[in-house]
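One chain, chain A, appears in both complexes that follow, with chain B as partner in the first and chain C in the second.
Coming up: the complex of A and B.
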């Protein structure tokens, strides 16, 4: 039997220190474009529900991470853009850098590690930033992903929860697939909660809010983005094949939902379900709607009882209504297509196979 | 001999990610690209290490001119479990950088695709401040976006406003218009750090290759060469 002291030592490397206030928020290109309501929800939860301070300022930009991993821009370019983001954080008087994107989180982590190993590279980037912009920077005291923050505050969110991840009719916990973005902890395992071996970041949220985590064979396989393997149409077979392998693997477990911490993964897990249905007539749920795919902010927003259409669930191609009904969430179905002064927009065209 | 190898060795990513492989094959077992393409990160690591050890520019030129270096998806699953702290995905980054700096990217079908990436993501960064710009991702080029995305694009101001976003507005918020002074700083960063130089090389070698292949080339997204590199897939035939 292992002594407690020994156990503590074993698990020490899987812990992550997460600051609980004063965040400098760097928005994500993908999340802003495809799940803008998620970023609004993250800020709302922190400020309005939990009384935290988070700065959302206008001058930060892309970290350039997607272009970097499509290999089209030099490493020095990405490093200098990242250094500029740090400079903006310093100017604002913050030390806790919170990038919304997982690709960004990986980029920032990798750059900080590289500068740590090779101080001469950091010095070069300092010179380049100064030459290009006249700026200086200090590195953040903490680098955490917003999903780390929600994980750390999951029980505070539970205290305010209006719904649980539980089937309202049967009382059974929902079966939840958690998909952790590759660049969260696969590159630098000690920078993620639970590392790459036991990533707790999404599991912790699911279990705290009443759900049950599905353990399936392809659980840790990439969503299929592959950067250039999706961006270039000629390569997209890689992307959809990778995603399909995950769906085929999780199907027998009959998941009620998929939740992700990367903004790109829900794009592929959502959109490729539509394409697989159109190409092969295959739908991964018996009800014909497909498996709803959520960001962790959307999941937290649902638990807190926020208006699903202000969360942005209408942005998804796979309908989220079956999940809302399952947990007994009361919502106005017509509000999905209402905007401004209650005008109802022309409805989207229905897909050929997936029910909506 | 070895001048090109020396350039590769100078890349900090090679210094950090290339050590003697023990051929356990774990990287290949968990590599999505290896299960889809004729690609093997274990083999790549050994091959590059051998090229570096021998200063073999000829083999390096062959490698940089091939499709092989463009198959990886940079998910970095390979890095997680390597007992030697290798990262084939990071070695790939260094190889792709050198392939573009030398123009050798234009010698392979997959490498030629960099022109499309340069003219979209690469330019969007300095034009808009975002590397992904959703309202440029039309169904014509991205049909998998589906009918809901078309509906979003048709009503983008109102749909984004409902979610608290500030689409194309000044001030803070999701999809805000990035201020000009910030885009100017990004443009200067591109100039100082070599992105402008790399883009020029990509354009020059792409133009040359288009002439060789007899495919119409100009600076637009509508030119035949852009469409060709975006859609053509020979399946290695």
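Coming up: the complex of A and C.
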């Protein structure tokens, strides 16, 4: 038996102040390729649904987090790049920095903590930024991840919701697996909503929107990305073994969906289902389609009734249609591979095992 | 005559306070004890049996309380204020009971490390993750209802001790022997059970501790694994899945168990900081009272007339606590009879 009060005791310890307006948004390097609708959906929800101000401008760059975690650039370089991002934020008149990527969020958190502990390093980076670009910067008043923002606004989203995470036929809450990116709170537990061991950030969204969270034994295990597990080709066996361990562990709970807040996690949790199916003939749902994997922005978009194909859900390996049907979502399956009013995408080849 | 007796006020009626009180009373002093709990006896009153001889804790309590009727005990009372005057100390409590004392003995004891702080161990979240203190209650009061066949137990040593993440770098000293004792008790209570102890080191420093450890392995079939726990989770069938690192082979291990017993260590008592401030007794970096001089004068403090004993100065066994209390009684006796304890140089 799992005691909810025990989790609530931990959540009380890790409350995070989240600003409710005026965000400087820093895009992810890879999310627009992996999940092309997620970032635009975040901006759309904030601006159009909730009337918030968010600046999405073109001058910022990578935070260099992938290079940093792959040990190919020194930390000072990453710090100077981050300092430039902060400089852009200041120049635009914003104080709340919101990086789309979890790895970036970890990078920014780690750098701010380093500067707090070692002010001499911050001074050095100020000099380096000035020498390299002639820029100055101030640290953000708040550093929050977009999933923090959606968490803080989850009940505002609920007020506008067209669908709930509830089985439309049975009325039962959907069983949801939440997978929080490692760099969200594992390095600095007090920087994440709910801490590192029982994070509340995605769970709060799921519960607010009618779903039920599955607490399975390998919940904390890495999605399989783990940077060098995948980036180094020889290590990719570790990557898929890690992901498979998670699926084997969650399978008995029969989850209806997986929701994530990291660029890499949904990619590996989604794509490796195809690979595991091809390698071992194994599919983790009885219907043969696999477990749909969503970003939290996509999930919010579905709850708000956005066109699933404008959310970019056709880019997922595991079909989301079974999930849409479960919650009674009305959609036109023929629109899946259309852009605008014209069919310009050819139908992809169907996988051998996974149903689509 | 009673009125002419010098008065010693003791704060804390655990076995240290009771033992010191017994000796001070025998030495001719008037003794009063303030105790915040409803009953005397401290933590020992909650235990079932003691190591290494498996004596019932009641026997220890009966011994410590052998002179209870000879001094005044004020239960459910907390000291709130004290000031020095010409006659010693004027003390007040939350019950507005006032004392005039010639000397003070602080024996507030310890508190059990709050295992909730080790969030990844799931205490308070997974029902069958319990602590050593809970296990003693189970033995005293009976086990909660469940199928008791073929249970698998895992004892996790050093929870909140020797752990920088918890802020406690010190060893709590008694947990290793307690774990071995409790593991044996579990095997005796559930003969079908499998028991594992996941230890950092086994510190079997006391007389007969090593023999108890040998018996645990050879006679009771308990498995000792040098390993550190990473996390506890719950399986679909409500059993517990633990991940540990075997630190001898440097390999990760996963085990499915029915109960996890967290060996929570000792921390300074909740009121130690307050008493430290009131009486001007410094604490060490872990929050335990610092004596006037380590090694040679551990019951005296830099605050004249204020003495310390028991686990308030650091983790101790029952034997050490009782001996320390007697030592404190003697130190107070020397102080009140205006003599001094010989120094390490042999001078007075």
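As a convention for this text, the second predicted complex is superposed on the first by the 340 of 356 C-alpha atoms of A that agree within 3 Å, B and C clash if a C-alpha of one lies under 4 Å from a C-alpha of the other, contacts with A are read in each partner's own complex, and residues count from 1 in each chain.
One rule holds for everything that comes next: a residue touches a chain if its C-beta (ideal position, glycine included) is under 8 Å from a C-beta of that chain, and two chains touch if they have at least 3 such contacts.
Please read all numbers here as calculations on a predicted model, not as lab measurements.
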Partner, of chain C and chain B, that touches more residues belonging to chain A: B
Partner chain in contact with A:114 - chain B first, chain C second, else both or neither: first
Which superposed partner A:225 touches (first chain B, second chain C, both, neither): first
First, second, both or neither for A:71, with chain B first and chain C second: first
Contacts of A:159 with chain B and chain C, given as first, second, both or neither: neither
Partner chain(s) touched by A:132 [first = chain B, second = chain C, both, neither]: first
Which superposed partner A:36 touches (first chain B, second chain C, both, neither): first
Partner chain in contact with A:217 - chain B first, chain C second, else both or neither: second
Doubly contacted residues of chain A, that is, touched by chain B and again by chain C: 196, 220
In the complex with chain A, residue positions of chain C that touch it: 116, 119-120, 122-127, 231, 233-236, 238, 241
Residues of chain B defined as touching chain A within the complex: 11-13, 15-16, 32-33, 35-37, 70, 73-77, 79-81, 87, 93, 96-97, 100, 110, 113-114, 116-118, 120-122, 125, 129-134, 137, 141, 144-152, 154-155, 158-165, 167, 170-176, 178-179, 181-183, 185-186, 188-195, 198, 202, 229-233
Contact footprint of chain B on chain A as seen in their complex: 27, 29-34, 36-37, 39-40, 44, 56-62, 64-67, 69-77, 79-81, 84, 106, 114, 117-118, 121, 128-129, 131-133, 135, 182-183, 186-187, 189, 196, 220-222, 224-229, 231-238, 240-242, 245, 271-272, 274-275, 309-312, 314-317, 339-340, 343, 345-351
Interface residues, chain A side, partner chain C - complex: 1-3, 5-7, 9-10, 195-198, 215-220, 252-253
